[in-house]
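Structures for review follow.
What follows is chain A paired twice: with chain B in the first complex and chain C in the second.
== the complex of A and B ==
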């Protein structure tokens, strides 16, 4: 019974939010109230998610799984930073230092690894799949890189014209993909609105 | 007006095709990645390995939420099929709401298979709230938890390369699709059978999630043809207008 009720509630909320876009004069205020409630729930969901993250990592540590020590370190850092943030406030010098000296460099180093990973993946592409499309994919990627990279002699003659010409094809392709994705999103939304897909535990 | 018309048309077609598909199941073209996925699910259950399903970090309050919902629909079916496995599938996501929904979906799948007692909430995980922290949190799952197949379906960016690389290092199968163009190009280079564009939204239909998913594909095809027709008519009208101005 509860599952039917939650499904009906979710579907009704979805329909009102959707209608609110089409009939703003009549339903705008109701739509905003529903969206505000959803944002509050999403805020609480972040706390639940962080609790879940801590429980999973502590579970790894307590069952002596591989990387369990890192999990413990993560949980200690998480709660220490959270406590410091609550006591000192997010604008405090030490809190900003934690972001600037720890989080930003760590993410930047992952970005550096990403660059190497992407080059490696490109090299392995031809080992994985040798066909016309893969070769074309790599050749176009190399041409684009060549045209946009800085050179010691300055801009390559005709680079803008070449970029515009090639960009015509890539923009067309990208728009085609995005139209397909938009249609897929539309139908996925309709399935949720009709109650066919119920990711909120109603199935 | 056009948006309302499109929505109503899509809804009517969807209901019509869902009714039709209940009477006569559809037959779709073969997509190698989904065939590999169906094989991998069976093999994972048999050899006691695990599926890792990454739903990305699609925020449900944005248009990116569509791919996350498509991933959840597939997850529901996979959870049902793998509920008897010694090692249950692990789901990672980079958005808190999505992580909670993944737990709910897993539980629904186990319940439908009559194995709700097997469900553990720790199998639906939030691994990070920023793109790279999400990837950094998901990579140990790929390396350390006997994963034989990684299914990455959702909204991801360039960080998806790190997940694909981790999967490759473990010699695990990789089935990956995203609504993000950067991630699509990365998956094209990293996976054996890439899924491009709207093929992401076909996941439910190809894992047997029901007639509504098959009907969705039919409606997508019809709408796509209508858009193609609209583009062609637009081109012809533009040419006629230009020629008219010249004459």
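== the complex of A and C ==
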């Protein structure tokens, strides 16, 4: 019974939102209400996610699992930051210090490691796999890097033309990806409207 | 012309022909008669096949039809029996005999009853159903029934019997017996339909024994006169003795059974004789019939007591013959009837299953010697006793006087020794151990009555010798093995120990067995063991196996014998064992842990990574620390850069500008470098009111870093951080449709109040969402001002290519993507803030190093890979 109710509710909401675009005068207010409810639910979902994260990490710590200490550290940091942000505000110096000194450097360092890893993978590519695709990929990557690379002698002649030419392939591929994404999004929406997919737990 | 090949001879025939011109076989199969799967067979008349039946079968069928017709007619004309009359149990015999007897009524019978002679086939329908005396009526039935079988036999052996009876009949015209004879002949014959196929040897229907011979179509008229002849003899004998004045009331039916039963018995004797040796010599049958007549009546006693099982008929198709024997005591009433005082002795069973009894073997001794010296066999004795009673015994006398040739030959040329040979030498001559009882006959300690002996004789009487009966009944040409085998059976019956099969086999003459039979023979050791153990086996004391040893394995209950222990050891050759050992080693090696050799590959990977990381850190740190600016920057903006600059120039002063922060802290450095020049230019030119919103939770925390690192905050610009916008696309939609409701801090009534929208993102998904939601509002024209609202995108180098389509479609007004474009834009913006320029040299050096490392490393990897594959190929 619950499955049927949830499915019916979800389908009804989606249909009203969709029909609200076609009948704005009759259903726009209902659509806006439903959209507002979705925003509120999404915001609450983030808080629920954060709460679940804390519970899981505390569970790991309480059961003395491997990495339980890190879970405890995470929970402490979470609540401390949350409290500081609520109390001090996001523009406070200490809050900015936490962001500037911890969050950004950590993620930036991970991005730097990614760069080194990509170079290393490029170096090892031909050792692991030697075929046309791998060689072509490697050559194209080098060309782009070369075209973009600043040189002491100034820009490389014809770099713009070359980039525009090579950009043509990238743009075409990007369009294909976007079209595919759009179609997939449309199909997913229809499946939800028809009750085929029930991401809300109706299955 | 097409040709058809004959299915029979295979020769070719024209297709126009229906039958083969060579073998007259139909060429064209009858398709209608071919039955295929799923089809229902068509019912056809089997009478159509009568033409293909053999001649003998046709005759039989014709006779059957005629008899059936006669029976039907007789049944219709048969009067209903009166209630006063006793039940006529053998009424069927009358009809059966009448169908064979009606066709040919002998003269002597006709002289008795002219009416009967004038109606050979059809029953005398005109004659009223008389009410004769029960005896005469009964005898009349058997007169007709036995006219057929009896007439056949005496034709050769006793041809004068009918005449003799006829001569006697006028003399006893006033006799009651004659009277009922004549009356019986006038009565219509009963028609009884007999189905020979329904007659089974083992059935207990004793009337069937009477019926079967009568139903035989193979013995029609000739036997009829014979039956009547002995009957007339019986009559004559009774007249002589004068005892047969009136039939006994109590046994009214017995006399009725006597004559026909005897006559039928004669037929039955003959039939079971046929079944024994397959001999159908009518003289032998006639003589046997005549000789066994006195003893045949004894079976009637058994009929009165209980139903007796019929003897097994070796030839079921032939008429079943009743056991031709009686006990001495049972024949007493017959003796009274037929004025015989001597009981008849039982006749040996003709089935071959006989027990040797010394008393009955006496007559056998006479068979081997001169006819005169031979003692009369039991049936002959009974015959003689029957002769003492003139009436019933008269037929026997006649038979005895004129013994058939076959009987004479049996008596003279019997392969068995004379019956008076008490020592039973002929048994000993069969190489049997002479442990026989004297011929005087002691009762067997363990009598072993055969199944048939129980039927034919009482318990008090010993069963007759099997060999002697066989010899007497069979022809002279009896195989020796059969004659020799009888002594072995006699010995067992006499109560002696049963010889083991090996010992019995010794009595048989050794015969060269074919190879395949020899191959099937059991091993000699088993036979010898079996033969040796039989002596230790207990002797059976009761049942049909009485006196035998070793028939049933005498294993005691709960025997301590244990089954032989079977060795579970597998018989394997050396080669197989070696292969098994090798397999075992392989399996052990699979399960046993092997030392894992740490390849140098993993160590080299870690070294190379650390080396690369160190190299980049060192070089780039040095370059950055030196603040070198040796790498020139181009001032040629791209088209999307120029469009962005142009869009900034079109906004009014103090306009509200929404800046969307949708990048992660990991790319904050790049994004701040990319966004710095544009924001700085906009701030310097138009002094807008900046509103920052983020669809990422971290975005709101990056606003301050952005304002600080881009030095925009130093310019005294007013900005508002609206915070985090949840809901993803729904949130964007809601904010675009009604920003004041979703974000009350936005301080705008509608989204079109923002003069410019700047989107700073490091992934294409965020850009797509904003572009799509804005475009939907523009299409809907809910707010026409949105149509002219520019959208500028500040994207990282990885997101820029994916947002190019939106740029090409005009959904994005301008875009600055990557450090290269940002450095150019910064150069155009008077090198403000200058962050991009500081990263430019390091960026260049880093790219150079990356390119160099990739090229060199790829070449080295290629070389090493080829070498490694060659080595593996050589090893493999």
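FYI, the second predicted complex is superposed on the first by the 187 of 203 C-alpha atoms of A that agree within 3 Å, B and C clash if a C-alpha of one lies under 4 Å from a C-alpha of the other, contacts with A are read in each partner's own complex, and residues count from 1 in each chain.
Here is the rule we use: a contact is a pair of C-beta atoms (placed from the backbone, for glycine too) under 8 Å apart; a residue touches a chain by one contact, two chains touch by 3 or more.
Quick caveat, the model's predicted, so the values are computed rather than measured.
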**Request:** Answer with first, second, both or neither: which of chain B and chain C does A:27 touch in the superposed model?
**Result:** neither
**Asked** Regarding the shared-chain residue A:19, is it in contact with chain B (first), chain C (second), both, or neither?
**Response** neither
**Request:** Identify the partner contact of A:59: answer first if only chain B is touched, second if only chain C is, both if each is, neither if none is.
**Result:** first
**Message:** Touch test for A:67: chain B only (first), chain C only (second), both, or neither?
**Reply:** first
**Message:** Contacts for A:95 in the overlay, against chain B (first) and chain C (second): which applies, first, second, both or neither?
**Reply:** second
**Prompt:** Is A:120 contacted by the first partner chain B, the second partner chain C, both or neither?
**Reply:** both
**Request:** Could you tell me if A:155 is touching chain B, chain C, both of them or neither one (first, second, both, neither)?
**Result:** second
**Message:** Per the contact definition in the header, classify A:137: touching chain B only (first), chain C only (second), both, or neither.
**Reply:** first
**Request:** For A:166, decide between first (touching chain B), second (touching chain C), both and neither.
**Result:** neither
**Complete:** On chain A, the footprints of chain B and chain C overlap at residues 35, 38-39, 42, 46, 106-107, 110-111, 113, 117, 120, 122, 124-125, 128, 174, 177-178, 181
**Item:** Of chain A, residues touching chain C in the complex
**Value:** 21, 24, 32, 35-36, 38-40, 42-43, 46, 90-91, 95-96, 99-100, 103-104, 106-108, 110-111, 113, 115-117, 119-120, 122-128, 130, 138, 141-142, 145-146, 148-155, 160, 167, 170-171, 174-175, 177-178, 181
**Message:** Which stretch or stretches of chain B touch chain A in the complex?
**Reply:** 3-4, 6-7, 10-11, 14-15, 18, 60-61, 63, 66-67, 69-70, 72-73, 76, 96-97, 99-101, 103-105, 107-108, 112, 121-122, 124-127, 129-130, 132-133, 135-137, 140, 144, 158-159, 161-162, 164-165, 168, 179, 181, 184-186, 188-190, 192, 196-198, 200-201, 204, 210, 212-213, 216, 219-220, 223-224, 227
**Message:** Touching residues of chain C toward chain A in the complex: what are they?
**Reply:** 605, 608-609, 612-613, 616, 630-634, 636, 638, 664-669, 697-698, 700-702, 704-705, 721, 723, 726-728, 730-731, 733-734, 737-738, 741-742, 764, 768, 776, 780, 782, 801-805, 808, 818, 820, 840-841, 843-844, 847-848, 850-851, 853-862, 864-865
**Prompt:** For chain A, which residues are in contact with chain B within the complex?
**Reply:** 22, 35, 38-39, 41-42, 45-50, 52-53, 55-56, 59, 65-67, 70, 106-107, 110-111, 113-114, 117-118, 120-122, 124-125, 128-129, 137, 174, 176-181, 183-192, 194, 196-203
